[in-house]
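Here the chain labels run A, B, C, D and E in written order, and each chain numbers its own residues starting at 1.
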Amino acid sequence: MEFRSVRTVLPGDLVSVEASDIILGPGLMQNEESIICTKAGVLMKKENSWFIDSDQKRYIPATGENVVGRIIGKVGEVYRVDIGSAHQALLPFLAFENATKKNRPALNIGDLVYARISLANRDIDPEIQCTNLDNKADGFGELKKGFMLKCSLRYCRRLFSLKTQIMESLDKKLTQKGIEIEVAIGLNGRIWFCTEKVKHAIVFYNALKEAETMSDAELLEILFSLKTQIMESLDKKLTQKGIEIEVAIGLNGRIWFCTEKVKHAIVFYNALKEAETMSDAELLEMFKNLDRKF
Amino acid sequence: MSLNRVDKRKFTEIRPISIEQNYVNKDGSALFKFGDSAVLCSINGPTEVKVRDEKLDKATIDVLFKPWIGSPGTNEKTHELVLRSTLESIIQANLHPRTLIQVVCQVLMDDGSILATAINATTMALINAGISMRDIAVAVSCVICKDGTILIDPKEQEIEENQSFHTFAFNKVSLNLLFCESFGVFTEKQYFDCYELSKTAAQEVINEIHNAIKYNITNGR
Amino acid sequence: MRYVTPGTRLCFASEYEAGPGTYEREEYIYSSVVGIVQEFIPTVSTNTGEEKKQSKIITVSKEKHQSSIPDVGNIITGKVIRMTTREAVVSIMVVGNIPCKDDYQGIIRSQDVRATEKDKVKIIESYRLGDIVKAEVISLGDARSYYLSTAKNEYGVIYAQSVAGAMMVPISWQNMQCTKTKAVELRKCAKPEDLFSKNQ
Amino acid sequence: MSTQTYEAETFRKLQPQEYLRKFLLKEVRPDGRELKQFRQTTVNLGCISTTNGSSLVRIGNTTVVCGIKAEVSVPKQTSTKEGYLVPNVELSPMCSPKFKPGPPSEHAQVLSENINRLLKSASILDLNTLCIHEGSAVWVLYADIVCVNYDGNVFDACVIGLITALSNVKLPKATFAEEEGLVKATEELLIPLNLSRLPYPATFSIFDGQYLLVDPTEVEESVAHEVITIICDEAGQICTVWKVGGISCTPKHLEKCISIARERYIEIAAIVENEEKSNNLI
Amino acid sequence: MADRRRIQGPEVSVAPIILKSPNKIQLLDENLCRRNGRNLEDIRSIYLKTGLISQANGSAFIELSKTKIVCGVYGPRQTKIPAFSGKGNLNCEIKFAPFSCPKRRPPYRDSQEKELSQLIYEALTPSIRLDLLPKSTIDIYITILENDGTASCLAAAITCASVAVADAGIEMLDLVPACSASYINGQIFMDSDLIEEKRESGSLVLSYMPSLKEITHILQSGEVELNLTSQAIEQCTDSCSKIYSIMIDSLLLPIQNMK
């Protein structure tokens, strides 16, 4: 049985529940006899479990959640990691698979890691580790190269819950085409991905951004069929015309690109500038038609 | 009821409300308008707090109030204190000890009742930021004219010539008084008349907020 | 009774030894506080039974109480205000049994939490934010903080609230129980016996 | 001091809320007062001879001194007859460990602002009466309120201080010499101000959402954040209602506060009248 | 720039010109009596009271006819200075209330206040046993409510602060009374008031520990002959001893009355 939505609620609304053994999820608080909503959103219910489906951008750490973090410093035997929460997380040097005092990964400031929250407590700064409960790497560890994308927490949670489906179909569809893509979804509102070619990354980035407001089904759809096709077609159309273009998008507000011919560069530059004010949908549309401009 | 207010409103009618969320790229933000009075509120947090301001059992709430024109003075400082003490009684600050919840209110246009507009904008921004709250606060202003008429949600023009000016903030659940600021000369009966009329108007504000949230959820974010 | 103020000449330095509240300058002893003059002969227990000559000590008992400041060896009471994996920061509120007007800062490093198995100490399993602890000042510490220790039975948490917000009572030297939910939480407890039990 | 009081002091320091709660359960306050009892209030007029009007107000331990000095300035172009009345509250680090040296804290700014709002909105002093020569010279009254000891409810002390100091003000006879552009004044201070009303305040704290504490001390203020201030005038009209923090205040509470504030008005008016009488005798 | 943290007044304002009666005030009458009936070597009567500020660790209030000064002492408390120090740190700040002088003083800290703060610090430091207070600060805050002569005000502030420090229970070597003298027309006016001060050619402020017979601070200003100075020092030390007994009484009487 799935959670079903009950109604839209505001903070302070009372939820009337008959049953006594209820499970309260996020956004709900028990105050003596009554149950009070503390967030605005959609009240969801499954049997005796209740929670409020709401959105926010600021991450509050919870033990066991996977996060994407950025190393911002070293203090003693730990790395300080920015995971987007109020306090920086601590990542001990030894919290990696097979790490010993002599043999441990050397991370630098700015490096990204995929980690699991091992301690989240309101009294103390959160701690993270790059191993699963059995001290195995299991996908955790340094994220080399690639891009990091920030989005709302709710979106990350959705992607995370659809993770297996996404990966399956991604694998199926993309590997056939010889494209490889690595993705790490952090529940702290950060998604990391890495592709061999930069242009694939751009298409993937845009697809992810656009999909944020869609339903689950649409989301899967857009991620795996439509976008790969666009990418493909862009690839196809441009290479047919003998135009090659390489692009790198920096999250610091700078985009780098390189084309063989200067006039192509100008066209691309104008296209990018023009696209700045567009919505995501328009943007993709424009990229689709980019070849015509060349 | 006669229609002799400057903008043809009834005495007890609030100006049209407009609410926009995610106005700026912060953890939460909202633009709230009472007619031409507009306040943009943005929220950052829970985020890191300076050791000096750290509270070990709850989040520190910091409010900045920026006026429409000029630099902030004692009037804005007083608004900041009002907003902060109002928020402290509704935000579940104990969930995030040793953190900072920063609230910035920028007046975009001042056409009277600006403190009430700011309180409502802050409420919307906090909801948008997903900050846990026990309740929400809504505010309404009113004036008592020289002839004793009570005008709800007055425009600047209506505030200038008055006997007294009142701002009330209520909580949503019980419509109890969260905050009140009344200056001028008035009788006890007049005060409670203002109280009741503002309370009724506050209910309308709550309805508008509810609608805005619903709209936002059904139409994506 | 003799009341004196700072600077009052009390006696010759050759007759007495200067005790608390007094100071010696040239051949005299002077008072350094507002208070009452007292003198006593210290009793010294000698193992051999030998008579040991002790000079009389003159003191001035303080009638105006200085806001207390911590010193090495003092027992302090304070609140845990910050925690890391290595230490707990304590706001020192009471020295001995005199409250400080303004708090001083002290830290309990993980090696000073208890006397045994020091390397296995976890701060988070010893204290929580807001706990009231009793500790001993072991050094003047660094520029910011005094160093404190709870490595004795009578030191540790004396008052704590559970996660549910109710008061907790110690059930062993490292466990406390919530009076409301009966949940057990980990703490380095002080051996119970003190003013809170009287006040409750 | 006995060890008993030490323990109470220690308990207060460590558990301030519990400490207050224990007293209130017995319907009494830490300083021995009843819940709706004000502290002893005294007013001392004309205590500072370098001013045009001054007043020293004590509410229990809380002490403020208000001194008013008259200077001369040019009126605004928009209102050529209006003088100025500029209130300013100083909370120095001397009066409480809470305050640091430097520019006015938020607390001091809010006190000044609320006093200014009261003066303006209740039009206590008609600023036109401060005119010396229309368009050229008007009186500026600087009302500086210095807090000497901060033991709670400073707002009440400030308002009483200001109103009584204003009624104590004597201005010299001043003439504007047009050719020199200077104001000359007599040495004797003769002319009192004509105040349209004399409002006095009463402040309340609500603790734990149920105990209404009249005239809170510093200890009580630090744990009871819901504060209500009512200012009434001699005709029983209300000049200010100010209420912040907490959600337990009902219209019933407000009605009760207003009626207590009216009783308090009579009490303060009597204290001030006595002081004025004895002041005039000297 | 106007201070936005205060209520705004007009940009400029001036005190009115007071039309004074033409006859000049005589400082001395034919019997060498001063305007308020005292002799040249007399100081004004002193009212000194401790424990006025309940929030402070120690406090005192002094009144010399019109001059009124309050002092609050906070500490010893944790020092804000970031370096380790085995010795206590003393901090003095004096403030004139805006209405304390004939001309209104704007409420900002001015250079005269800074200078006076430094003088009080210098006069009191030798008397306080700071070596007993590691890592601590003692803050002395003084407010002048009414100023009737700046030199005598400084002296009174030192006396008042010393009593407040003792009231705070802080260990001291001795109390520090202070006294001022003005040189007017080759004569020494002890403890002069504002009107006398306006005619002075120089002044002396002396801070003294009577029990130890040590001078902690001496401030001489203006032009004066040497023998007049030594005479003034002598008269000031005498007056300090008188003030000393008032200081002792102000500290002991409340205790003795309590018992």
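For this structure, a couple of remarks:
Operating definition for what follows: a residue touches a chain if its C-beta (ideal position, glycine included) is under 8 Å from a C-beta of that chain, and two chains touch if they have at least 3 such contacts.
Please read these numbers as outputs of a predicted model, since none were measured by experiment.
Following the contact convention of this document, B, C is the list of chains adjacent to both subunit D and subunit E.
The largest tally of C-beta contacts between two chains is found for D-E.
Inter-chain centre distance (subunit A to subunit C, centres taken as mean C-alpha positions): 52 Å. Taking each chain's centre as the average of its CA atoms, subunit C and subunit D sit 42 Å apart.
Separation between the centroids of subunit A and subunit B, computed from CA atoms only, is 35 Å. A separation of 68 Å divides the Cα centre of subunit A from that of subunit E. With touch defined as above, residues shared between interfaces to two or more other chains in subunit D number as follows: 97, 109, 112-113, 116. In subunit E, the residues that touch at least two other chains are 5-8, 74, 77. Across the assembly, subunit B contributes 74, 77, 90, 97-98, 135, 171 as residues in contact with two or more other chains. Pairwise, the chains that touch each other are A-B, A-C, B-C, B-D, B-E, C-D, C-E, D-E.
Subunit B makes touch with subunit D in their complex at residues 74-75, 77-78, 80-82, 85-86, 88-90, 135, 164-166, 171, 174, 176-188, 191-192, 195. Contacts from subunit D toward subunit B in the complex involve residues 106, 109-110, 112-114, 116-118, 120-122, 197, 225-226, 233, 236-251, 254-255, 258. Those residues of subunit C whose C-beta lies close enough to touch subunit D in the complex are 65, 77, 79, 93-94, 97-99, 101-102, 132, 159, 195-196, 198-199. Of all the residues in subunit D, the ones that touch subunit E in their complex are 47-51, 54, 61, 63, 65, 67-74, 76, 84, 86-88, 90, 92-97, 101, 103-104, 109, 112-113, 116, 140, 142, 144, 146, 148-151, 172, 174, 182-187, 218.
Across the interface of their complex, subunit A is touched by residues 26-28, 45-49, 90, 92, 95-100, 127, 129-136, 171-173, 206, 209-210, 213-214, 217, 220-221 of subunit B.
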